[in-house]
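Okay, so chain A shows up in both of these, paired with chain B first and chain C after.
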Partner chain A sequence: MSAASATPRVSAVQVGWAVRGVALVVVAVLFIEAPNVLSPYWTLIATQVVLAFAIAAPLNMLTGNAGQFSLGNAAFLAIGAYTGAYVVLKLDYQLPIALVVAGVIGATAGFVVGLPALRLRGAYLLMSTLAAHYLVVFAAQRFQSAQFGAAGAIFPPLQVGGVDLSSPRSMYWVILAFAAAVALVIYNVMWSGYGRAIEAVKERDLAAAACGIPVARTKLSVWALTSALIAMAGVLQAYLIGAATFEYYTLDLAIVYVAIIIVGGLGSLTGSFLGACFITLVPVAMNHLTEKYGPGVGSTDGGLLSHPLELETIVYGAIIIGFIILRPEGLVGVVRSVGRLAGRITGGGRRG
Partner chain B sequence: MSNFLNAVLSGIGFGSLYGLVALGLVVIFKSTGILNFSAGALMALGGLVAASMTGNGFWIAAAFAVVVVTVVAGASNVVVMNPLLGRGLFPGVMVTIGLASIVEGISAIKFGARALFLDPPVQNPAIDLPGELTISSTLLVSLVLALSATVVLSIGFQRTGVGLQLRAAAARPEVATMFGANPARIFTYAWAVAGALAAIAGTLLASLTVADMSIAAFAVRAFAAMIVGGVDSLGGAMAGGIMIGVIELLAGTYLGNDYRIPSTMIVLMAFLLLRPSGMFGTPEVVRP
Partner chain C sequence: MGEPLLEVKGIDVAYAGGAHALREAGIDISAGERVGIIGANGAGKTTIARTITCMTRSYRAVVRSGSVHYDGRDITRWPAHRALRNGIVTIPEGRGIIANMTVEDNLRLVLVALPRNRRGSLTEAWSMYPVLGERRRSMAGLLSGGEQQMLAVARALLARPRLIVADELSLGLAPKIVKDLLAGLSLRAAGEGTAVLLIEQAAVLSLQFVDRAYVLDHGRVVSTGTSDELRHGGDMTARYLGIEDLAGTEELL
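And then the complex of A and B:
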């Protein structure tokens, strides 16, 4: 191959990386500057989106990449929230210690919940995560009434090292930093040999074992890692809500995050983010719709919009069904096909 | 002692209702390999439809509820489940969850947020037995209906043409198609049967407690019953339901109401870990 034909290709790759680098910086600046531009209301919604991403991304790694269908994520959020509450309120440590302890306890719990995954598959594994959900929520209920009383664990305003971080903007930045760390961890793991082992175990665990991949260790470490991340997010979620109450950790909450990864796209970090935006914004959009066109709260006539909550439930179910049947690859698939189309139209589509 | 026996008697009654729903779960799982998470919403829909026409007496209201929920379940299969045939567990289960959400939302709009009440099937609410024992007449009706449903379904599976086609379509859909079975239509029957069973259970639960969406919470016991009994056994589902019901009510009597769900979940977990094929299931039913 001559140098003349090799040179332009190398520079194209370099240009590609430069574009990616610039795009990354632009996105980072947009995320960091968001609360300086947005109103407090939209800052709170942005916080919820970023937090939903930080919870959905590990779940997506567990379900999308490792193929372990779990309804146990609300239980891990509860484990994180109550661990955090105990560390902050009873032991009097601050958020960083609470995050570390929640991570350790979450990893341990994930290891235990993952143990049945070594023997069980499919429907049976799903049932064991369902049982684990109810048992953990029950334990949380006992723990709450023993340690914190009926009202739940009330969190103090967030402070780290004497710096007050309880304003909506600071909360956003704290949660954004955590979400970025989660994304970085998952991105690096999935692009390592270990990540490929995870994908291999999902496709065919017998074949993976034949290739020398330790299936049991791979499965258990995915459960431990993702559960640790979800439990840590649970601490931040409890701080954002201001309290940990066991009634909050329902099966419906667990389903929300599964819906996020379906709508966004399985096994994709971008998908987790797009899904988090979409599912978080559905109730917001419904609220605006009802406020604008609805007859007002409590009125009985005025058609469907006089039932905003019920309508939201219906729309939510329809979104889940619609994406699974019509767009199984999720929003990230839509974005990719739009990108391909744009590439074809401009004629620069090297990858077709 | 009478406390213990009363708890066991009520446990058998409630358990037969979980068994009814578990029968529907087994029929759907056997044929399509999907866990139906909309069973709870279908139960609640049945209870609400019946309670909305309680003026006509229990039996007419219940019959109407069964027809409505059967049609809803069958239609659900045609509209949203059939397009998913062969896509596996995860998409299927999530679609049933979405379906539950839609059914729940529509019922809440149609029947309002207040709880409704439904008359019991038999006028005198409790039957006294010797030795300070009593059992609710509604639970007795439940047990009779549940056992008959188990027998009828078992005969239907083993002795009728539709049952044969269903078993064939469940075992090898492509081969069954070659021999003239239409899996899509057969699975619609399976869903319709599951809907009818959920409606019967939901109606009886509505007359035992109140008719609102809280009935849907009973479905988790049906999942436990299904696993404990053995996922591919109809008689097992009923036996599992009764076992779960008895354990739940004993835990409620001796440990407190907070322990009712956790006790059943511990039993479920124990079976999953030690004997995933349940009491009566065949061991090689794991669908990878």
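And then the complex of A and C:
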């Protein structure tokens, strides 16, 4: 409108897309090249971050985008892990088939766990997913002892079509490929009409119904889709750990992923990633801290630093409470604020 | 007149909480007709809107007896999205817009549910209400009450309806804005042969825009007639609506 920008201009939108495109390529190259640069230890940490993202992103879609609160994610990971174990160890198929079967069974379980969501919401829904969690863990325990014995299901080194993928680097790339596929699916869904319907059902389901959105079908399909993705991630997680044991799938594990999406930012893929980095790296940082400054192993007079696990829990709790109170939009909100600030400093007063 | 577009026969609807909202109510609407339903609070107006748009289940209400026929088909137990896909579109009480979505996304929402041949284009909405076009990227919750209602009307029209059920369109709006909205709606509906069912507590206002109306009281249809008959007939209508003389209340607007 004003004469402020008289210079010949490529539109701000075009510049924005170009910047985004370049950033995406750079990020992709960085991710793919990471294990070539990192030590095996840090490659493993990077693998855990990417896997945590692949698990948190569908949960974030379910909770952040669709408004369905769930503590059932550890249960879906267990469903995936045990399905994978059965397909690989008992039926003698390889990872791709295990992923497909885990996806189908995860979707079915998600559909069933989602049924109460047609009637319940908020804390009540959370309670019903909690019940589902204990039910699944109980079933996993029985399944484990009947099929694999007390030690759990021990996964063989990952091989697909005769190619050995069990090295830390290969595992990283396999999980990275899966995480990228998860991100792509969620991104495409959320930017489609179906994604708009999901958001509408979250915001006002009656208004959505008045717009012709089949509310029940939409809710259940989100449960099925996200649970399928989490179950598939469960197979990869079991491969990474090397085993599926029911003791692993605790409520604490479920809460970790809830923490990731709260700290990262609800309803955002970037948020899921930032949260995954943060929550995975906090224990690593704690370990380093205690190794460097804490007393020796077994010592009793080192204060909190001699109890890294307790310290970790306290720090987790403080971080989550801090984010809920101070930054409810999560890390992604912090990054956006920084971006806006940088834009203001470098670009003057750009107007949209 | 031929077969009515919509025929509600002896409908009985009760809510899960026990409220018996409709008692053997019956109405009919022909294609392209403008019909009103008027009545006091709690008369069952909104319930009849929900019944026609197949939304009763969403509100935990049950159709106990009676039927709703649309275009010759029994739609009593249809899900809401099927009704919309077949041309029954609602402008719900309280506007039913999604505050945290942009104006454009609110409009696109209705397109998701529709088959391609029933989808209108957004340019129609922008040309009908330019203010919506100017604010297409604004969150719908930031619009004024009148603009929100425009959005609700535009969204309904986007679904190329054969029957629009407008529930308490005037709620919380200045009379001038309501008149403009109704005039625009009537014009578009007349142009496309769309039937309009106007459900209003504001009886006087409603009767200015409809060809005929039903008066609802305690879930029953207690009176029916053309707008003129209801306004000047001096029958029990006014008593049911708590207004002394409908003919003399024009100035209320």
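As a convention for this text, the second predicted complex is superposed on the first by the 335 of 352 C-alpha atoms of A that agree within 3 Å, B and C clash if a C-alpha of one lies under 4 Å from a C-alpha of the other, contacts with A are read in each partner's own complex, and residues count from 1 in each chain.
Operating definition for what follows: a residue touches a chain if its C-beta (ideal position, glycine included) is under 8 Å from a C-beta of that chain, and two chains touch if they have at least 3 such contacts.
Everything numeric here is computed off the predicted structure, so don't read it as measured data.
Asker: Using the touch definition from the top, say if A:258 reaches chain B (first), chain C (second), both or neither.
Answerer: A:258 sits against chain B, while chain C stays out of touch.
Asker: Can A:138 be said to touch chain B (first), chain C (second), both, or neither?
Answerer: Touch partner of A:138: chain B, not chain C.
Asker: Does the superposition put A:193 against chain B (first), chain C (second), both, or neither?
Answerer: In the superposition, A:193 contacts chain C only.
Asker: One more residue to check, A:310. First (chain B), second (chain C), both or neither?
Answerer: Once the two structures are laid over each other on A, A:310 reaches chain B alone.
Asker: Figure out whether A:292 sits in contact with chain B (first) or chain C (second), or with both, or with neither.
Answerer: neither
Asker: Identify which of chain B and chain C touches the larger number of residues of chain A.
Answerer: Counting contacted residues of chain A, the larger count belongs to B.
Asker: Quick check on the output: what are the common chain A residues between the chain B footprint and the chain C footprint?
Answerer: Overlap of chain B and chain C footprints on chain A: empty.
Asker: Quick one: in the complex, what on chain A touches chain C?
Answerer: Contact set of chain A toward chain C: 193-194, 196-197, 199-200, 203-215.
Asker: Within their complex, state which residues of chain B touch chain A.
Answerer: Listed in rising order, the residues of chain B that touch chain A are 29, 33, 35, 80, 83-84, 87, 89-91, 93-95, 97-102, 104-106, 108-109, 220, 223-224, 227, 231, 258, 261-262, 265-266, 268-269, 272-273, 276, 286-288.
Asker: Hey, which residues of chain A end up touching chain B in the complex?
Answerer: Residues of chain A touching chain B: 63, 69, 116, 119-124, 126-128, 130-132, 134-135, 138, 141, 255, 258-259, 262, 304, 307, 309-314, 316-321, 324-325, 328.
Asker: Write out the stretch or stretches of chain C touching chain A in their complex.
Answerer: 53, 55, 58-59, 79-81, 84-85, 90, 92, 96-101, 105, 108-114, 155, 159
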